[in-house]
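Quick heads-up: structures coming right below.
There are two complexes below, and they share chain A, which is joined by chain B in the first and by chain C in the second.
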Partner chain A sequence: MRHGKYPFIIGFLVVPLALYLVFVVGAYLQMFQLSFTDWSGFGGYHYIGFDNFGKLWDDPVFWIALRHNVYILIAMPIVTIAIALFFAFLLNVGGKSKGGVTQGVWGSKVYRIIFFFPQLLALAIVAVIFGRVFGSDRSGMLNGLFPDSWSPWLFLADERWALVCIAVVLIWQQIGFYVVLFSAGMGSISQDIYEAAALDGATKVTLFFRITLPLLWDTLQVAWVYLGIAAFDLFALVNIMSVNKGGPNNATQVLSYQIYLNAFQNSQAGYASAIGVVLFFLTLTFAALTLRVTRRDAVA
Partner chain B sequence: MTNLVTTPPAVTARPAAAVDKGRKANPLNGLAHIALFVWALATAGPLIWVLLASFKSNTEIFLGKPFALPEHFSFKTYTDAWSEAHIGQYFINSVIVVAISTAGTMLLGSMAAYVLARYRFPGNRAIYYLFVSGLAFPTFMALAPIFGIVKSLGLLNTFTGLILVYIAYSLSFTVFFLTAFFRTLPHEIDEAALVDGAGHLRRFFQIMMPMAKSGLISITIFNIVGQWNQYLLPVVIMQGSGSDSNWVLTQGIANISVSAGYHAEWSTLFAALTLSILPMIVVYAIFQRQIQAGLTAGAVK
Partner chain C sequence: MSEMTSSSVDRRTLLRRAAAVGLVAAPGVSFLSACAGSDDSGDTKQATGTKSADNPLGIDTKAGVEIVIFDGGLGTKYATDVDTPLFNKKWPDAKITYSATQQVSTTIKPRLNAGSPPDMINNSGSDIMDFGAIVKAGQAADLSDLFAAPSLDITGKTVAETLVPGAVQQGTYDGKPYAVNYSFTVFGLWYNKKLFDKNKWTIPTTWADFTALLDKIKAAGITPFGYAGANASYYMVRAIMTSAAKIGTEQVLKDIDNLKPGAWTNDAVMQAAKAWGEIGNKYIDKSFLGLKHTEVQLQQDQDKVAFYPCGSWLENEQAASTPASFEYAMMAFPSVTTADKLPATAINAAAGEIYFAAAKGKNPQGGKEYLRTMLSKEAALEFTKLTKSLTVVAGAADGVVISPGLTSANDALSKAGQDVFMGYLFDTWYKKLDDASREAANQLMFKGGDAKKFCDTMEAVSQAVAKDSSITKFTRS
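Entry: the complex of A and B
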């Protein structure tokens, strides 16, 4: 052991750790404390016991928001992964065999570059763009494309479709990333396996379900977790795209937006913290479930 | 890897042809091309539309025909967006904040990760898991306390506040990723330097950092993109009256979209959007491979 090991270790750790403790750990701990108060966001506060949680239980908007989060949490990853897998498969092994080697389709590099690009754009900017794409008069891109005889679609202003529109935007932005991710995974699968299977007369569909999918399983799990995180945080999309603050009629209300609204618009920072606490336990459950499922797979 | 050109895209688009078993690859290939092309169009379409609309007058925008060429090209909307709508200001703010905070994240993150990966000391595991546990929770969970902490430090509406918060919330992933990376580096060179009498600091900056270059580049790109695109934290930290001169690009654009609705200045909004997308396209064109590698690196780990 060299001299001066501990001063070095401490010197290297103290600043990052201090920042992390103040802004991240500190914020989470305070969230628990504040959830038992009536803090408005400014000035002092009183402890009010479990009142915030009681209010939460009776708050219909909270339940609507939670339900929307669950819908998107289930539907969005499934749709994204399915479409991304489809495109990745087409890019990698959809081409024809030449000299025994299965080629990617023509132009697959260009496609990969185009598909990936939206991932680089800020979700806030994507939200602004699609706010106009879904414009509810002829100035909106989609309504502009529809025939003149149609009456304009309302999209985000339509209670039934607003949430779907928001999910579609997220899927639009995310797919390219997973196409690239899955392509990389498929690229690392040995060609010999495909050739052997092709010799045995396997069709492309069989190849996909019997070889590609099982060998990509690890990547799929990672994708699921990442998409889950993205599907949970819809703040930018809802704040920018939604009509009437999570409307119409709370049709696009989600938890992240509820926390924001309560903390900064309704001056109920204590109540917002209580929603955060609920979220904390939901996230823990989700993480534990994910670990559980992953481990079971490893054993099986 | 070269993609050999298969049959030129003179494709018969009949789905029924897919059943044709004799020439297994070709019909499926045609369908593949159609599907891929449609999605490429769906990806690029809205962006092209934004570009076209940025040159159009309000009347033209409301005529429909979204992909018609504008009647005349003038860059007035762009100068409006840059100066009157303050896109220039927001852009510079974003550059300043992201440059400093990414540099800070990388320096502090690699320091912490290096010590955690390469030194044994009591509390090592505990500190590592403390950092990594931050990955499990969404940032928006504790919005009100973040606001309270930044406010009590007197850092509301300041770049310093935003930069410190960016760094703190980027550390989890940076430390997680780099710790794993530093662990994989060989010990021999490190030990040889130790024998030669190189101190801890020197070994870190002159031996480990250069060896970890590929990992550092990936995670730097990851942080630049993540922090450049951040919207939630600036909205929370840069709020209140007089804060708009400190806004970052994402915030500024979102705000222009609201006011464009009131004043019906859509072309300015589209010009502002184009101005914020163009740099990304340029950067992407140059660093395409590094960016794809950097952003997927996190998921592959």
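Entry: the complex of A and C
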């Protein structure tokens, strides 16, 4: 069996690997190539060196989009992880201990399933539904709940709050997955440790910060990278929910949507590729930084 | 199997590695190149036949023609039930391969780049392809021979001579026609005739009368004016531009299209923006900024909104939600000043809905012949009956009563007489300028009505586009 291991593994990997090479690696290589061209998206192209990147540097909308991505990158993972950790803790360790075994709050098995529901919906559907929730007139769900004497809140049509609305939807959609992820992580922490700590008189808060959090560090790290990548995306939500193409007044403009607009609407595929290259390096840098900064000596 | 399970990959490591892999699948990037790889394989064999009086375009009478129709507001029945049978009546051996799509760019663009496009393409809808870029890339066939060919059923005239003025010009890029803009759209302010009759509201022609009426409507508890800021602000752009043209003639719009410095800070544009900005300040519902066109149009059908700026497709688009108490009618935009150079009856009517023959298809002449069929009087009349839209075939639907809204638009057209102008093309030529104008119109109408800011913003973007060498420029006269 031992020497049959590699053919066996390769047998499984060859198809996905081939797909990956063609549709991901190949596409990336082509994107790098295109970023140095003036390709419109139709027909032929010329190589123009770094012109696209120079133009990018002078494009105010690019900087607005980048800033929004950074806002989301900072705020969204923190909020999502904090909420997901809180819920996961309640579901696993938050309840009364029974026979010396710590367990989740009452009904935690049901909650666990409910929390996961948003993850099952396609992002496009979530975006359409929340478009109605945040409707800017009385027909919007939230505005419908407000008393008639209030003038309707604009939500997505309000420059100040549009991006927040979109971030809220993203967080709502993501939490379920991380609750499950953290729950699984917490499930693998030995009961003995909790028991010992409880015997020493540790409170729930102490349990959380002294035991759960350190033992969950690896999982958190992974979650952070995943969420960071999600923060660089946002395309589906912005495309469906935003008012007037990433508006109002570019208030919800993000890099991925700029790529889309430039490539498919403005017929500047070369320029869009240049944004793609920037986004690629941003994502890479972010992930490398996250993994390095948060590195700790293995606990397990 | 124990070796497998004891392998050093535990769950956390796996997740972390998966994360690393996820990096390379970073967001929204890889889909870009999905349609690259443009092999210009110009060696596709194209079907041709011998030219004759009966076959002016010289099509191969046995070669198939592939057509793609946009399945949107106009439906597809006109193609399947009218144009194709008409084509086959004349050319029974040429098999028409038909398909319809709502995602024009997604379906057609890869085929254009792969060198195997359909022969005739209806470029329309929200997933429309940038037609200027298509022309630039040599993907659209030169239609000069089509327009010079005799009309299919109007004897003694060429195809071009049977069309309304400006129809050929609108599909002309740098002197050569590349597109048939088939439907003919009349733009104006739409209202419910029955509601207006009931309240004895008369149709204004001056701005003072217009605002006085808006005050009355407001007093009656109806939002006097509205448009959808979320996705249809270009209806408002059209309103502002039409007013500007009425103040200073169509030359104002030509200058704008030609990216002439100072075109947007022109007095006419400034006055139009100022007048509309005041309408925005006083008569619009601010929450419309967050609504889509269907939502505002539905509110109009419910008599919650009085005036809505739109094109003559509106009636057909709203057919399903129009109650019996609602009868669409259209008025020309009122004069802004007493010194307007065009009369109050002047109207913006333009050909739209692009149909083109692919230059690199298997049978471009066949594609053109299909277009010639569409431009016959018979096909045009049936199109109007089916879609309630006029066509560029002049007078094809005269004397036929189709719907109240269309009749009203037709009346406005005849009242305008010679003062029908084509409007502007910058929105299809320069997408960046189009996007900027939509945002600027929203800012003007919903955020304080600052006309100077509107003009200055647009002037800046217009000059930025003019200076950007990567954007293909077009000119008109």
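Note that in this section the second predicted complex is superposed on the first by the 270 of 300 C-alpha atoms of A that agree within 3 Å, B and C clash if a C-alpha of one lies under 4 Å from a C-alpha of the other, contacts with A are read in each partner's own complex, and residues count from 1 in each chain.
Definition applied: a contact is a pair of C-beta atoms (placed from the backbone, for glycine too) under 8 Å apart; a residue touches a chain by one contact, two chains touch by 3 or more.
Just so it is clear, the model here is predicted, and its values are computed rather than measured.
Partners chain B and chain C, brought together by superposition on chain A, clash. Looking at the shared chain after the overlay, A:23 reaches both chain B and chain C. Between chain B and chain C, B touches the greater number of residues of chain A.
In the superposed pair of complexes, A:245 makes contact with chain C only, with no contact to chain B. By the touch criterion defined above, A:226 reaches both chain B and chain C.
Applying the stated contact rule after C-alpha superposition, one finds that A:260 touches each of chain B and chain C. By the touch criterion defined above, A:154 reaches chain C but does not reach chain B. Contacts of A:31 after superposition on the shared chain: both chain B and chain C are touched. Of the two partner chains placed by the overlay, neither chain B nor chain C lies in contact with A:196. Once the two complexes are overlaid on the shared chain, A:118 sits against chain B while remaining clear of chain C.
Contact with chain B, but none with chain C, is seen for A:128 once the two complexes are overlaid on the shared chain.
Shared contact residues on chain A (touching chain B in one structure, chain C in the other): 2, 5, 23-28, 30-31, 34, 39, 41, 137-139, 143, 219, 222, 226, 229, 232-233, 235, 256, 259-260, 263-264, 269-270, 272-273, 276, 279-280, 283-284, 287. Interface residues of chain A, counted against chain C in their complex, comprise 1-2, 5, 23-28, 30-31, 34, 38-45, 51, 55, 134-140, 143, 151-152, 154-157, 218-219, 221-222, 225-226, 229-230, 232-235, 243-245, 247-250, 255-256, 259-261, 263-273, 276, 279-280, 283-284, 287, 291, 300. For chain B in complex with chain A, the residues that touch the partner chain are 3-6, 9, 24-26, 28-29, 32-33, 35-36, 39-40, 42-47, 49-50, 53, 61-67, 108-109, 111-112, 114-116, 119, 121, 127, 130-131, 134, 136-150, 164-165, 167-169, 171-172, 175, 194, 199-201, 204, 225, 228-232, 235-236, 239, 249-251, 253-254, 256-257, 266, 269-270, 273, 276-277, 280-281, 283-284, 288, 291-292, 295-296, 299-300. Across the complex, chain C meets chain A through its residues 1, 3-4, 12, 15-16, 19-20, 22-38, 40, 105, 109, 112-113, 129-130, 132-134, 136-139, 229-231, 233, 285-291, 295, 431-432, 435, 438-439, 442-443, 446, 468, 470-472. On chain A, the positions that touch chain B within their shared complex are 2, 4-6, 8-9, 12-13, 15-17, 19-20, 22-28, 30-31, 34, 39, 41, 86-87, 90-91, 94-98, 103-125, 127-133, 137-139, 141, 143-145, 148, 172, 175-177, 180-181, 184, 203-204, 219, 222-223, 226, 229, 232-233, 235-236, 239-240, 256, 259-260, 263-264, 269-270, 272-273, 276, 279-280, 283-284, 287.
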